[in-house]
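One chain, chain A, appears in both complexes that follow, with chain B as partner in the first and chain C in the second.
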Partner chain A sequence: MADLIPFTRRSFLSTSAKLGAVAAAAPYISRAAEVGAKGADTLNVAIIGCGEEGRILANAAMPIPGIRFAAVCDIWPYNLTRTERLLKKFNHPAQPFEDYKDLLANTKDLDAVLIATPDFMHAEQTVAALKAGKHVYCEKLMSNTVEGARSMVLAAREAKKLMQVGHQRRSNPRYQHAREKIVREGKLLGRITNISGQWHRAVSDDYGYPNGQAIPEAKLQKYGYANMHEFRNWRWFRKYAGGPVSDLGAHQIDIYNWMLGSNPRSCIASGGVDYYKNHEWYDNAYIIFEYPTKDGLVRAQYQVLTTTSAGGGYHEYFMGDEGALKMSENPRFTKLYREARAPEWEPFVAKGYILKPETGEGAAAPVKPWEKPGVKKLAGPAPRGATVDVRETAQLSAWDIPVTLDKAIHQPHLENFFDAIRKGTPLNCPPDEAFASAVTVLKVNEAIAAKKELTFTPQDFIA
Partner chain B sequence: MSAHHAPSSETNRPEYTAAFLVLRLWLGLRTLFAGLEKFESGGSFSFENYYKNMARMAGGISGASILPLWATKTFAFFLGYALVLLGLSLLAGFKTRGTLFFTGLLYTGLSFGLMVVQEGEGVAWLGVHVALVAFALVLVRHNRFALSSEQGN
Partner chain C sequence: MNAPRFQHEAMATFWELTLPGADPAYARQAAQAAFREVDRLEGELSRFIEHSVISRANRLPPGGTLTLPPDVLACLLLAAEVSVATERAFDPAFRSLRPPELPPELPPYFLDPETHRLTSRAERLDLDLGAVGKGYALDCVADLLREWGFTTAHLNAGSSSVLAFGDESAAGAGWAAGLVDGDGTRVAVPLQDASLSGSGTDEQGEHLMDPRTGQPAAVRPRAWALAPSAAQADALSTAFFVLEEPQIREVCAAYPGIGAAWLAADGSLRGAGTLAAAVATGQRTRA
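And now, the complex of A and B:
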């Protein structure tokens, strides 16, 4: 046997080392293997805007088979080089460009562009890319102006090219399951009467930049930026974006429209620059919308606070007369609640729509190692102080949603975009629907400034 | 039924007899069903279930304490049968004084198992049982409607 299988300690170590190297490199090899030369099904893609969001999109798109990053663009060499290196590490032949116009003019066989620049550039760059015959995936908010957003919709129609806007929750399988199975088919919430949503963030410092990496002032001004501070912190300035309401709120207010299949008829809001001294946009805002739906009016409250992380993170909470659905991109904040008066939900467990929680809120008390499992424990009386008023209704029971997303949160939305190009799959966030969401969001800042209720007609949401 | 002895005149009142009878029946039922539930799993009762449940209990206690598995297993495999027998004896009123004493010892043994895994709530719960057994021993001289009589009061 020893002659047949010569296996010494040295050979074992050598083989193990090689196997270890292969195992460590496996994710890289699997990503790189897809790239190389352009095949029949391969899509040549470019990224315009290589900041934080651009790199998030690049990382989310790379695991998708048949995606080849042919070009990258950013006016800041620091960001451009980082993204170029990232893509080249995975064998993407990403050519760097400073100006998106050069990228569109000089990248051969380009199929699509991913735009992740500040909001004020979205309309200009999207329209140019569509006119150049490229499909466009543009980050939200679609534009910082209604006119800009409208020009994008019209350009997509005229060019007959696809445009997807980056409201990625719409492609999240958990959100899709919640809308299709729980809300629409199962009607577990009954009649939705209210929505509450929020995004709370702690105070944070402004972005800076590494020594020696500042963009020369003349170049900044050529591309529309006042200075390096505004370039790095564009989300807070009126010229470039819509502040936290559009930056964070856009994702969640879009989900209000999407879940209800409706646009609001009015908006009243309060907000202000309460805390930061060197920002232009409202750091805290409270908003109330009224949504007309076929089942009746829905009142929807939303708050975005950037001076506290207290109060439960970020979520969209849909409340009906039979149940409530708390959704969030973070599964930790997701939960489903049943009113005591609602019909039994057990049949929906059997159908696979919902789950009884195994851990956390609503779960049975954990069984100790020495206890017999499966013993039904009677709920004890509410602790003293838990019920303080006879007008309190029975406590809601908590349930789970049996769908989780096992990849980067942007990946399904990009997959949907690429599938639409290749196979004609319907887009999950087409231009018309994104326009309606953009109008809804942009009107909030108007309502805050006007300090009065704004009313809308259905026509306001049509490009 | 049993012949009964004669308690002293100040305690020879029907409410003592009634109090002890209620206590004996409660302890009997509680002990009987504490034993029977150890044979249950998924709604069915069997000896197979019993040894599975008891092995889990013994393993859980040993895994979380210094008690050796042979000791916890020995106690666990004996426990269910003992509870059923003691429960039936209490209900029937058979050798009530001795039965109460051994029931109290059994609950104390169970409490010890939970003490070593620092299961405070369980210890308190079993402590209530032990206290009731002790109280029953104080009142046992008023035992009536029993299969066998109590001697030596």
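And now, the complex of A and C:
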């Protein structure tokens, strides 16, 4: 048997992680080849807001070559220390700050900031960072007010700095393939007539915090929070957030606008605080938008429910007279269906735009590495001709999109932002487009309160 | 005693936390934070999620490299340690397609702890942390609960991995856990600052393979491991399921703090290391 090294509770974490110190796993340990950009190409980046989303952005950005986290900022030491430690494990300087103003004033050679704070701080922090000459990647929703969002667009324009808003589906290669190849070039859906979309999430309790980790009241109030409960559960409150339609729906309603290349002309919605006793924001909402497009009107439904996980998770379903495309960040919910009246799709298989399941000598559908085997795929096209084995009703033919996201889901959007800084690559979610999405999303809460259809003018979408 | 209990589903199984000694509302918030941590880890460790770190590692071309988040690196290092300690009776990558020129003593990937990178040596890497990830997540949850001020807790992942710290009662006997032998007798194993994990064919059929041969393991119907951490117990129980008896005893002798129990071919329950005493003299009841 191997060398006698007693197991402790966490053998490795109790020893130095330096190469060679982990003798017990020796055949598995070796020095990796050098990769990545060094020197002049390096971008100095800071994170403002080190909660769950900030940590996701840090993890997604770290593998990108030439990104150096110079500073981190959070008013809660508990979050700040955790993210600082994470970054320092990867040899980033990650100087910690409580106040973003100190971070902007005292971090030398800072190129860009990533903002992942509660929505009500986005405008103030983004505008300040732009004025300080930094490029900004700001999480969605841009702001919980249209005025806030407008101030961000104007500040970016004035500062001549880049601002990317974190609608990360726009940089997902599967979404890009769907829009460019399947919908626009191949026109596989024919005329899009309807959209449905949803995000259903099970009941969530209030967020808490470990005993002894509360921020003193005076400090909370200095930074705009009423108390620790509101600080931890800011999404429930109107002062800090835009409610579930903003927290969840914003991602998907942005994709409606992006896929159609259009903004809606009207919005009708119903919602309420029907379940939770201590939430200010609507905990469920049903919405219908009307989109004028060059091919005709598209009527689009969206629902966000925060008390049930039933009904198939989260997706955006684009339906046309020749085909339907169900998109989701989760590839298990992603599917493409062909209507019987559509022209044959085989040429698009040949072009590599789509995959046809159960092709090739009657083979079973290929199981993707992340799918559990044994899930039966829907059959291919219905049999044609005079001889038909009579059995159950044939399903619509289901097809696949041959694109895999090979990175953390936020990484391509961050890469696009950093490429825009370094090489002038166009941003996938520039300020003007993000503003139009914010206007679309924030109108929903207005329509729920008004209990009637509200209309948009094209001017509403221009900052 | 009626300590608050909380349930969750993740990693294709159920999770249950028992959190005594705190205000129930506080315990509920701690459990929520714990389950969010489990979900986050599943997003990194599961090979059934397209963009998980492990799925991305499994799509690496030969020689390809990937930066690992700290938890994935820590879990893989621990898996490597158990793999070496058990001479590959536990091996998270045994299904990989190895190039013919790769020496048999080298695994199909290597880790660089300094740069947090994994590099594939395989033609097609097939990493599966199914037999260590749940345990690793239990360890992380235990850390989180200690951070929240809990001095005692019982954590159960699918009844195949259980971790307990502190003490359930004033008696100092630890938390009650148990093994069930071939004729349905339950043997009590007190659990305190340790983890007990089981591997077997009863719940999921003949799903366990012997990594050393690539064939289904048919040595015994069930095996257990006791270890200071749940990740170790999880991985070791998988190894003990396929190892021969003398080798199990060797591992237990080499690593103080480790225990093994297994059902022998005659249906009797045997034990070694820190589980030897419980198997020999532990309280027996009908399961």
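One rule holds in what follows: the second predicted complex is superposed on the first by the 387 of 463 C-alpha atoms of A that agree within 3 Å, B and C clash if a C-alpha of one lies under 4 Å from a C-alpha of the other, contacts with A are read in each partner's own complex, and residues count from 1 in each chain.
The definition used in the following text is that contacts are C-beta pairs under 8 Å (C-beta built on N, C-alpha and C of every residue); 3 or more make two chains touch, one makes a residue touch a chain.
Computed from a predicted model, the values in this text were never measured in an experiment.
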Just to be sure I read the superposition right, which of the two partners does A:331 touch: chain B = first, chain C = second, or both, or neither? second
Quick check for you: in the superposed arrangement, does A:207 touch first (chain B), second (chain C), both or neither? second
Could you look at A:457 and tell me whether it touches chain B, chain C, both or neither (first, second, both, neither)? neither
Considering only touches as defined above, state whether A:90 meets chain B (first), chain C (second), both or neither. second
Who wins on chain A residues touched, chain B or chain C? C
Partner chain in contact with A:404 - chain B first, chain C second, else both or neither: second
Chain A residues where the chain B and chain C footprints coincide 368-372
Under the touch definition given earlier, write down the residues of chain A that touch chain B in their complex. 368-372, 374-375
For the chain B and chain A complex, residues of the former touching the latter: 37-38, 40-42, 53, 56-61, 63-64, 113, 117, 119
In the complex, go through chain A and note every residue touching chain C. 1-2, 4-13, 17-19, 21-22, 24-33, 35, 52, 59, 62-63, 86, 89-90, 204-212, 330-331, 368-372, 404-409
Spell out the part of chain C that touches chain A in their complex, as residue ranges. 25-26, 28-30, 32-33, 36, 46-53, 55-56, 58-59, 65-67, 69-70, 73-74, 76-78, 80-81, 83-85, 87, 105-107, 109-117, 119, 139, 147-149, 193, 227-229, 231-232, 247, 250-251, 254-258
